[in-house]
């Protein structure tokens, strides 16, 4: 059967020690994992019941570490990295997009539009590799892996620790922003182009209001709606979003954890992370809806 | 009353495209006096909206004003060609001198701002001394003029009915006491009953405040009751210009005549009417000569070569070769 | 309509590049063996991990394979997975979205709920998990898995499109003439969605290529065959980045990006055709516009 | 008088309202409407926007089922069964307001008309089909016909498109045409052509026609009978001239007074359109309509009865009728004086 | 940007007199590839091997001398002795050993450790296979067997003893042992997911270290990262196979950068599935083996390994045991013989390069592990050698490791790259791959004999070897078995299996190098690891 955690574990042992596991070892490992997987349907019901009660069980590949420990260790990093980059990318993309959409066909627009098209089409993991090669391995400007400097005290109230988080997060963050802002830019630009030709923007101009005021209060304010809900959804997708980047930069976030769980066939971890991601997506959907209602009075009282 | 407010001279607007340009307004000239209502009538695509946006310098790419003058006479006697002003200079004229009302009210109000805020926005920008409170009070005054309760200022545009929106737009246009309001089909989106109410209020206000109006519509029958002067547009040009009564009773241009006869009467005898055969020109491929000649029953030989100029014929100004030769 | 479509320069460029890759996918292996006289796995012991040279235009991998040959043959792996997944995703999307939108009622409720369920599932995570479960699967299995998470967005678009088209006057008019449902769907509704469907297809195609590359990169995709993803993955696995063998992992990534750009261009073109305001942003036109405005100035100032 | 071709009695339509907190509420779009169409005559349905005109037309076209009331075609009650619908559509055809939207832009005129012909004449092929198609085009005055048959909709002007739409409706040789504002999207100068075409069809083909419009002047030009709708209710009806000369319902009068009439200021004695500017408020909200006569909040003559019950129909000579308490209470004369 | 690891107030540097921090910290790697650590030092969990540096915390009774024929040496046990019948083993424990919480180490701990898995099948089982354990006194452990059990002794080198007084209190199934207490020199002082710091115990029974006060264990998920850390000095010591290390690492600074391989005793080579045609024909196997040029393969992947002889036993590790005719005879390509063998085979080459017999074609596949890039590369190289040398087509199907494992166990393969002849004794090395008891028919899961070699003589020889303590006899049986392997080629040894070690000696010296080593400086070998660290001195 494909995807056997026991086999994975045994192979690891062999690879690590350079010695084949003994028949006894094999038997015990098989027994262990086999034992955990007998009577699958019943097991699964049991497992679902545990999930409902926030008992996520024990990881297989790090047995007997509780899954919740592994997730608690990984979650903050993902939240930090993806959270900040998503927001920065959003701000950069939205601002540039608003500017481009305000004057479509301007020189800025003409240069940026094809560039961002291309950037947007670059697979993030590949750009991460290239960035890693150029800036970490070749130029040595950034560390090649990890989320913080292990040689400083691992304390949140330590300035050096916080600074090292910045330094270690910079390259993955920059890569994510570099790719991420393009999507926002495009929706913003296109919505902005459409919004700018709305009559209320024309009227705002006719009112003699200064340009910036028209741009922000009338055009951008309205064009922002899709991007704002998009942001809410993106934040929902944060947890599952940047698995590949985390893998490339060996950033110890949830994506990396999920990847490892997949490779190790660590089902409890996989399922829990998956559940977590799905939940956040659902919650984000709800939030996006409420934000929309908040921002667009038209949707407030449909009744 | 006879003081000149705006002289439009040879105004030409083109829409550029990759394949060429469309002259949506060609050589338009007229003079507007203070307190006067000028009606502009024409069918779809005749260039009415283009004219309006050019008058207010609000046209967007790919529209370009390629020729003409727009001389505005301020109340202090200064004359200025609006076309030569920079955006910044123009701002001094916008709204305080020159306001605009557009066709679809729903689209003209910022959907995410309360009505009152949209008043306050413009009021306080044009009069920075105004406090928020004062601005709000002024807004209440303004909407009261068009028969809207002050509590409505707290509403968002979508919470208002079509008629209310349209009226609040007119109130908004009056905010800075302009000398000229241009209106692009301000009542096509509302019903006749509401239209009547709105226009009645407009006329009252105009009577009281004395602003001039350029009123654009495709409904000639409406203009005949509303306007002092009427300009008939066809294919981007003014083909006839005259008083409302004259246009109704003695139209000179064959198109004007046809247009007048396209509206069946509400009272009186019913006869079979023919309208105008054919359809309006596509300005991307305009007919040579007079744009109307393919549809014209009185067409002369020269009509497909020569673009007639607007010249006085009787009490009207007419652009038609039929009248060129007559002494 | 098709004419306008092809007149759009973005569409033309995009389709051109796409077609080029398609050709590469079709003829690549033949080209490599017949013209380059090599295979992507041929070992050149004299050039192990060598930078680009006359003999190996894109250099060689650490185990001495020609990178160019790998990239060319890899196009087939990548593009085929992309296209297969896109075909599957588009078909599923159409089978779910169109009936749901056209017939409405309880069927619609059911299918919409089903679609929404898939939409909320974190697709890449799930793709990864499933692909990890069937590790080392054949390429069409990978395509199937990718398609399974690619269709819901399309189904939703098609559903809303169908719904709007179903209510459009021309469809109603044909129904009122007594036209049958099948004919309404195929003659009135579907032809209007060719634009959307082809845009969707292209998007799905690139998404498929991306997903395949990502999975291969993680070592979870197809094994044994060559695709752009496996090239990058092998480079990564043999420390190409540490050792600076950039010619090994840069070309396949560029190919993916190029393919992505091509489809993005086509989609932008389609957007522009359906929303002409977007194409007002034409640079050439803007130049003319500025020139016209400038020449008008002296006349105006008179 | 001949028997009516299409007759609808007490038609009502309620639309459920969607949205938060609105479970179970409905829009009462049409209430107890009666429409009777006779061969060779045109009934005009006028009223302001939202009064339910389109809803009536669509119910008559079986686009959706009525909430209450019956529709009779040639005396037989109409059901919504699929086959019954088909044969109904052979008799009754709807013409849409927007000629741009009601033709599939991807199909040539030949296909559109050909399909329409073949749906009910399945065996029609080749030359015969072509001949009939050309005949249709001739009927709607699209000459020279050969020039139009191979055109796409976008190659035609609005008026030409509307003719194609009419031709398509005629393809099934219907006895009833329902026109929902068929000219309101057209250029002013070409509207009359379409109206004249409809009049011709009535006269030559003996069609029964329902002409829906909010432009009372065009209704007068075309129709034989006028019915006025307000907020989902039929408030007045009757022969064209009687209704226009002496409206019996305050709303009809208001509508007439509000309609532009260039001749008005020239006729001595008539007040100009804009002399009075009393605020009459807005049409009612149909989700929660006023009780009694829906017009009472805007009616200058409103009485207590108006606020409580909807008035019975009052019949006048010439077949004119109205639903107004003024006549029930014998106060109809107030309408003659200036309101 | 790195290197400056001891400033920023970490405190680990102690006195920073003279501006330059005194070197007292060793940076090393010590677990499977992982981006982060979790606190998990439960050695009865199947994930034990992932626990960082357990071998510095917990120690076995004996140490296996990996450099000299895997001979057992005393460690926590002062001495060990077999009863004459080879069925009772007596350990005399050291008396000076203390757990890091101060509790003395006694025979109770040993008994507990060995018996614990028996009570719960879910705990990782040991391979000791004893009948009973008795503890006549606090420092004696007597273990009795049902059978002659000489070969079991080496297993005690893998079984690390845990403190009974702590572990008996815990539910061993779910306890992660977050604050480990062991006999080893290391004491956990700091934990963060990206670094674990151990201090060298002052009261370690083995004595003080020559210089190492702190040990930082660093994780890395990606070998590239580990290599970069070695290159820039973030790591002093690591264990990765480093392709082209001479160029990529050593050459960068030959005085400080070292890359060593130490043979583990066995080999990396090909498993032939002898139960599956056409590999059931010995001539086919010989032909395949003979056509291989291991030297050339190594060019594809310069890992520092060298070709090994046809027995699979490494000449250095098993020196005396290796029959003289195979010693110093690494396998080389012999195309002529290979072709001749193929000609003798009952299968014939057909036009498409497949073997066929009786009109039936038997296309061959070869499966390397997809995750090990060097194996994949070798796989392709092998296929090419067979194609060019014999005209034989072998399809290379890189397979994910866990799948290949299952496929090999079930016999669903033709040829696969694997390790052979490894194990903690030479007997175990052959027993695992050759004993029919460890095999199974096709389709059933074999435990370790994936080649499915079934041979009465082999089984007999293995059985005899198992029960003798006589070195001469052992040699005799070993030689006979070697001949069987060489003649029948159930597997084809290619390279010596090796421990890969890289050292950046810019901060620490005293590393054993292969020429002079007395123990293997590998970070996962328990006592040898401890010895290595203990003898390091700071670079002047």
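As written, the chains take the letters A, B, C, D and E, and residue 1 is the first residue of each chain.
Methods note: contacts are C-beta pairs under 8 Å (C-beta built on N, C-alpha and C of every residue); 3 or more make two chains touch, one makes a residue touch a chain.
Just so it is clear, the structure is predicted and the values come from calculations on it, not from any experiment.
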Count of contact steps on the shortest path from subunit B to subunit E = 2
Which one of the chains is farthest from subunit B, going by Cα centres?
-> E
If chain centres are mean C-alpha positions, then the most distant from subunit D is chain E
Is the number of contacting C-beta pairs greater for C-E or for A-C?
-> A-C
Inter-chain centre distance, subunit A versus subunit B - centres from mean C-alpha coordinates, in Å = 54
What whole-number Å value describes the gap between the mean CA coordinates of subunit B and subunit C?
-> 49
Subunit A and subunit D: spacing of chain centres that average the CA atoms, whole Å | 57
What is the distance in Å between the mean C-alpha positions of subunit B and subunit D?
-> 32
Would you mind listing the residues of subunit D that make contact with two or more other chains?
-> none
Give the residues of subunit E that touch two or more other chains, as numbers and ranges in rising order.
-> 222, 224, 228, 402-403
Two or more partner chains touched - positions in subunit C = 135-136, 219, 236, 241-242, 280, 282, 285-286, 289
Which residues of subunit D touch subunit C in their complex?
-> 61-63, 85-86, 89-90, 93-94, 96, 98, 101-107, 115-116, 119-120, 165, 168, 171-172
In their shared complex, at which residues does subunit C touch subunit E?
-> 41-43, 45, 48-49, 62-65, 135-136, 219, 223-224, 234, 236-239, 241-243
Contacts from subunit C onto subunit D in the complex sit at residues 1, 168-174, 176-179, 187-188, 191-192
Subunit B residues touching subunit D in their complex are 43-44, 147, 161, 163-164, 190-197, 199-201, 203-204, 218-222, 224-226, 245, 248-249, 258-260, 262-268, 270, 272-280
Can you list the subunit D residues touching subunit B in their complex?
-> 48-49, 157-160, 187-193, 196, 214, 216-218, 220-221, 244, 254-267, 272-280, 282-283
